[in-house]
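Multiple structures are listed underneath, in structure tokens.
You will see chain A twice below: alongside chain B first, and alongside chain C after that.
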Partner chain A sequence: MKLASVLNNRINGNRYRSKVMKDKAFAVSLVVPALIMLILTIIIPVISVVRMSFFEYNLLHMDKAPWNNFDNYISVLKDKEFYLSFLRTITYVFSTVGLAFITGLIFALLLNTEIKGKNLFRGALFLPWTMPQVIIAIVWMWMLQTDYGIMNYVLKSLHLIQENINWVGDPKTAMLSVIIATVWKQMSIMMVIILAGLQTVPAELKEAALMDGANAFQRFWNVILPSIMSVIKTVTLTQIIINFQMFGLFYTMTGGGPVDATSVLSIYTHEAAFMSFNMGKGAAVGVTWLLFLIGFAALYNKVLSRKEIYAD
Partner chain B sequence: MKQKNTVLSYVLIIAFCILFLFPIYWMLSTSFKTNDVIMKLPPQWIPRAPTLQNYLNVFGDNKFLTFYKNSIIVSLSTTVTSLILAVLASYSFSRFKFFGSNAIQMVFLSTQMFPAMVLLIAMYTMYRQLNLINTYTALVLACTTKALPLSVWVLKGFYDGIPRDLEEAASIDGCGRYETLFKVILPLIKPGALAVAIYAFLVSWDDFLWGLTLVNKLEMRTLTPGISLTYLGEFSYDWAKVMTAAVGASVPVLTAFIFMQKYMISGLTVGAVKG
Partner chain C sequence: MFKKSLSILLVLVVMISLVLVGCGQTTEQNDGGETDNAKQAEDKQAEDKQPEKAKITMTSWLEVEQSVEAIFKEMIDAFRSANPDIEVETIGLPFNQYKDQLLVMSTSGNAPDVVMGNSQMMVGFNGAGILAPLEDLISKEKQADIFDNNLAGGTFDGKLVAIPWITHPIGLFYNKELFEKAGLDPEKAPETWDEMVQAAKKVAALKQDKDGNRIYGIGHSIGKVAHAGSVFNGIIYSHGGHFLDAEGKVDFDNAGTREAMQYIKDMVDAGVMPAGVNQKEIRGLFANEQLGIMFDGDMGRAVFRKLSGKGKEFDKIMGVALIPTGKTGKSETVYTEHQLGIAKESNDQEAAAKLIEHLLSKEMIVRYHETNSVLAPSKSIGKLPEMNEDYYMEVFNKQLERARPLPATHPMFDNAMLEVTKALERVSVGKEDVDPVVKETQQKIESLYSK
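So, the complex of A and B:
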């Protein structure tokens, strides 16, 4: 009897164990294809970029790549243009994300009322986000064209300017032109995601604040904002990371010019690696850039988490 | 008071929408004008003598058609590849825990942070050694990588919303694991799958950097680098033609979005709001 029950247990145990094993095998087998893809196209390139940054890699003769004693890093860190392009990138990132966030928030608050046709408005306002960057670049190049562009015409008709502005071609306005085009594209995604966040704020919470006599601004600042903070954190951080690597709009609209006024990190790296054929230096810029982003993302998460409550 | 507020919000929203969508209208409107008309001020807000000549020129140009064909091939292949990979991986992340599964998920999400330009430096070298420069494979691999992390994240959200009892019931009915996934679960996450498919298509249609650097033959160029390199250089002042090419490049994504906006927006927001 005893033996039978022990045997029985062992069989059941084996069966159970083999079911768990099969589950695991199944679970792993589902992930493997995506994982291979990730390793081939991201993990290996990242490792190899780090390695490349310590060697002398020239695009024209790649067969020999000698160790060059941190020469790539030294030449990057000694280059004034590197710091300038970093500063330009930061200016660009924070003005675009800031402006897109503010306009997106305003539109989201407008749409989060009891108006009809909400989905229609939301869909219409989302259209620019679906358009390719390069198309957005050329549409704005045409809007901002010096002699026949509609922007100068309207500004002149309203007597806001006397002379036509050479938007993309003047070092003073080139960055602004790219910022306008970027904000136009990205306001949509901010609005849609903030709106979705606003719709999760519990009605009781808002009512309770109303009962306590909070005014509209107090309700927004103390109730609504903290409840959507995690959404705001996610969407702004994503956009910051995306804009840090913006290339298409710059390359098409200004090519980094005029006189380097819009030469941001992506343009600087592209020039070092593919125009001057110095892949080693390009890799060194890339590694510095990556380290900065990782540090920044960690810090950003920490700072913004302070004003966060969980609605659920 | 309340009614007045509502009227005010309508007026505000409609005014903003018109202002905001004006560049799209202006692109369309310019594409129906001749260059003589374009170069005159005051501008014609509505084309007085609309012409299709620009469309005949652009779509009669073999180069443009080649770019178009290449973009369609790359974007559709990317969509299918990333959909398959994401459907499988996110199901596993949603249902199973195994050694390292959390870590792998984190890696998946954080790969969005790696700047494409940094990856490109290594990838260009790799692809050159593997003879993958000027191939669709190179572009599809690169675009899939870009679309995959968010796709996995969004689909995981959809799977999480489906009760586990369904799988147990299917298993009692004698369904195998793959059968359960494809016949029982997959039909339920169709909205998520559609959202991910459109997203992957948009991402690869939007691609500029990979198409610019991993391809240097005219017959392999995709649409966005093609327009930027040939139309802006050669016809720098032929704005009517450039705008027509822009309309041509936007039409597939704009129509795809207009018909599927419900799925697209719900898919994008599921990931963000949950996270």
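So, the complex of A and C:
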């Protein structure tokens, strides 16, 4: 009897182990293709760039690429222009994400109410996101052109300015011009994602706040905002990372000028890698930039996670 | 359990589909029966008997640019018809990424056989060791037919590595209507630099057109891109300056350069010239009849016809002339150029040379001229009546004889020109003094060239 029970247990155990093994194999077979893609498109290139940053990689003599005793990093960290580019990048990223977030949130809140033609507005407002960066850059360059651009025409007609503003050509306004073009494009995606988040806020939470006598601002601040914090965290972090890498708008609209006023990290890296043919230094800038972003993303996640609330 | 089964089912469906796609091709081939099989065998035998085709590749930005895409295809097709033994594959890369992509391609062992580039790019490609010497690959007659000035632009360390193909000398354009309104003779272009400055000031004094748009006297590309720095060399020459000294060393900090910079600063400060603009914006202003005078290449006419929306009607108000004589007593200008080279790595340099000679031939150049009004730096072709069909082309052919090549002797030339553009921005939009800016720019370029 005892032996039968032991055998039975063993058989059941073997069956269980076999099922677990099968499940594991199935899980692995599902993960492997994604893993291979990840290795080929992200891991290997990142490792190559990190490796490249320690060697003297020059496009003019790629046949020899000797180890150069951290010279690329020393050269980057000693370069005043690197810090200035970094500061310009920070200014651009936070202004852009901040403005796009505020405008996106306002439109999302409006579209979350029962207004007429909601779908039409949503479609129209999402349109800029579907346009390629180069097109957006060209459109805004024309609109901001000093002498025949519509922006100066409108501002002059409203008597807001006396003289035409050289938006893209003046170091004082060039960065603002790129920020305006970026916000116009990115506000749409912020709006759509925040709107999706708003639609998941449980109605009972809002009703409870209403019954407790909370006014509109209190309901927004204490109920809605914390409920969509995970969405806000994801969308803003994604936009911060996208804008840190922004190259197209700067390259097309200003080329980093005038007088380096819009020379952000991506332009600085391009100049180091391709204009100066120094791929090693370009890679070192990229790695420094990557480390900053990893640290920033971790901190950002930690800080914003504290503000989240969960409906369940 | 259901999800798992569904996933397995989907994977199976995909796998079966792949297998079916693979079999489908075989089945399709087999469908024709024995007759087709016999025909295929015959074809294969015939193919085997033919000598193996030479295969060459050529990179350019022409086939990805709307204005030249068709003529480029026509020229390549003509080569294919005349040379059935050579297979040509063309690779189109956008102009803005051309230099970067070609450097990466070539230095990683994938160089094209025929490389097209402009003078600024070719010096970089040569520095990267991509280009092969052409003296023994291109016929002596072709080489002798090219203007010495132009040939020198593709010669580095005494070796010809880039052969000039199409050239764009910079000339002067002016708006006849604005000249007339400003009290100037619309049929008489300024002949000296001083006359040009005075004319520009008079046009700028008109201030606004009837729609309230600002009118400028003269416009130069002085912002954003290295190209602005490159064409500024012509203005430096007009002021008796230079970028390189007689020994070929960088000598940007000289009296002529300072005078040229001061000219830009004065004109911007006086409101005669728009600040911080590139050539595209200058063209827009000229086509919009808001600009009295500008410098541009021979492609200008086609550009203004299109931008103005007036087509050939615009020719009536557009005057064209040689660049006014400056300090040297000559009409000084530069030309930009499309050049052709052969990669050192090319497996079939002879076939590549054949393609280059085809593109340099009279028939192709004349055809290219018919469609896009281009000029060739060729002694024999430049004189042909087909290439001088009107006054406009005559002026540009004359300007070409007087134009100098860009001083692109170092792989970092493009970088140096970007520094020159930044210097122009500093004195024009940044309102800085000329002397320290020129001094600092000299140091920066020296540092770039020493690397």
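Quick note on the criterion: the second predicted complex is superposed on the first by the 274 of 312 C-alpha atoms of A that agree within 3 Å, B and C clash if a C-alpha of one lies under 4 Å from a C-alpha of the other, contacts with A are read in each partner's own complex, and residues count from 1 in each chain.
Note that in this section contacts are C-beta pairs under 8 Å (C-beta built on N, C-alpha and C of every residue); 3 or more make two chains touch, one makes a residue touch a chain.
Every value quoted in this text rests on a predicted model; they were computed, and no experiment measured them.
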With the two complexes overlaid on their shared chain, look at chain A and say whether chain B and chain C clash or fit. clash
So in the superposed three-chain picture, is A:F26 touching just chain B, just chain C, both, or none of them (first/second/both/neither)? both
Let me test your reading of the model: by the given contact rule, A:L225 touches which partner, first (chain B), second (chain C), both or neither? neither
Winner on chain A touched-residue count between chain B and chain C: chain B
Is A:A214 touching the first partner chain B, the second partner chain C, both, or neither of them? neither
Which of chain B and chain C A:Y251 touches, first, second, both or neither: both
Given the touch rule stated above, what does A:F274 touch, chain B (first), chain C (second), both, or neither? both
After superposition on the shared chain, which partner residues are touched by A:L84: those of chain B (first), chain C (second), both, or neither? neither
Counting only touches as set out at the top, which of chain B and chain C does A:L304 meet: first, second, both, neither? neither
Is A:T146 touching anything from chain B or chain C once the two structures are fitted on A? First, second, both or neither. second
Thinking of the overlay built on chain A, is A:I44 touched by chain B (first), by chain C (second), by both, or by neither? first
Quick one: which of 2-10, 56-64 or 74-82 on chain B sits on top of chain C after the fit? 56-64
State which residues of chain A lie in both footprints, the one left by chain B and the one left by chain C. 26, 30, 62, 145, 147-148, 251, 274
Which residues, counting only chain B, touch chain A once they are in their complex? 6, 9-10, 12-13, 16-17, 20-21, 23-24, 26-27, 30, 38-43, 84-86, 88-89, 91-93, 95-96, 98, 101, 104, 107-108, 111-126, 128, 141-142, 144-145, 148, 152, 177, 202, 205-206, 208-209, 212-213, 223-225, 227-228, 232, 239, 242-243, 246, 249-250, 253-254, 256-258, 261-262, 265, 268-269, 272-273, 275
With touch defined as at the start, can you tell me which chain A residues reach chain C in the complex? 26, 30, 59-62, 145-148, 164, 166, 168-171, 251, 254-255, 257-260, 271, 274-277
Flag every residue of chain A that touches chain B in the complex, lowest number first. 22-24, 26-28, 30-31, 33-35, 37-38, 40-46, 48-49, 52, 57, 62, 107, 110-111, 113-115, 119, 121-128, 130-135, 137-140, 142-143, 145, 147-148, 150, 153, 184, 187, 189, 192-193, 195-197, 200, 230-231, 234-235, 238, 241, 244-245, 247-248, 251-252, 265-266, 269-270, 273-274, 279, 282-283, 286-287, 289-290, 293-294, 297
Chain C residues within the chain A interface of the complex: 4, 7-8, 96, 99-100, 103-104, 107-108, 124, 127-129, 213-214, 216, 223-225, 274-277, 281, 284-285, 288, 290, 411-412, 414-415, 418, 421-422, 425-426, 429-430, 448, 451
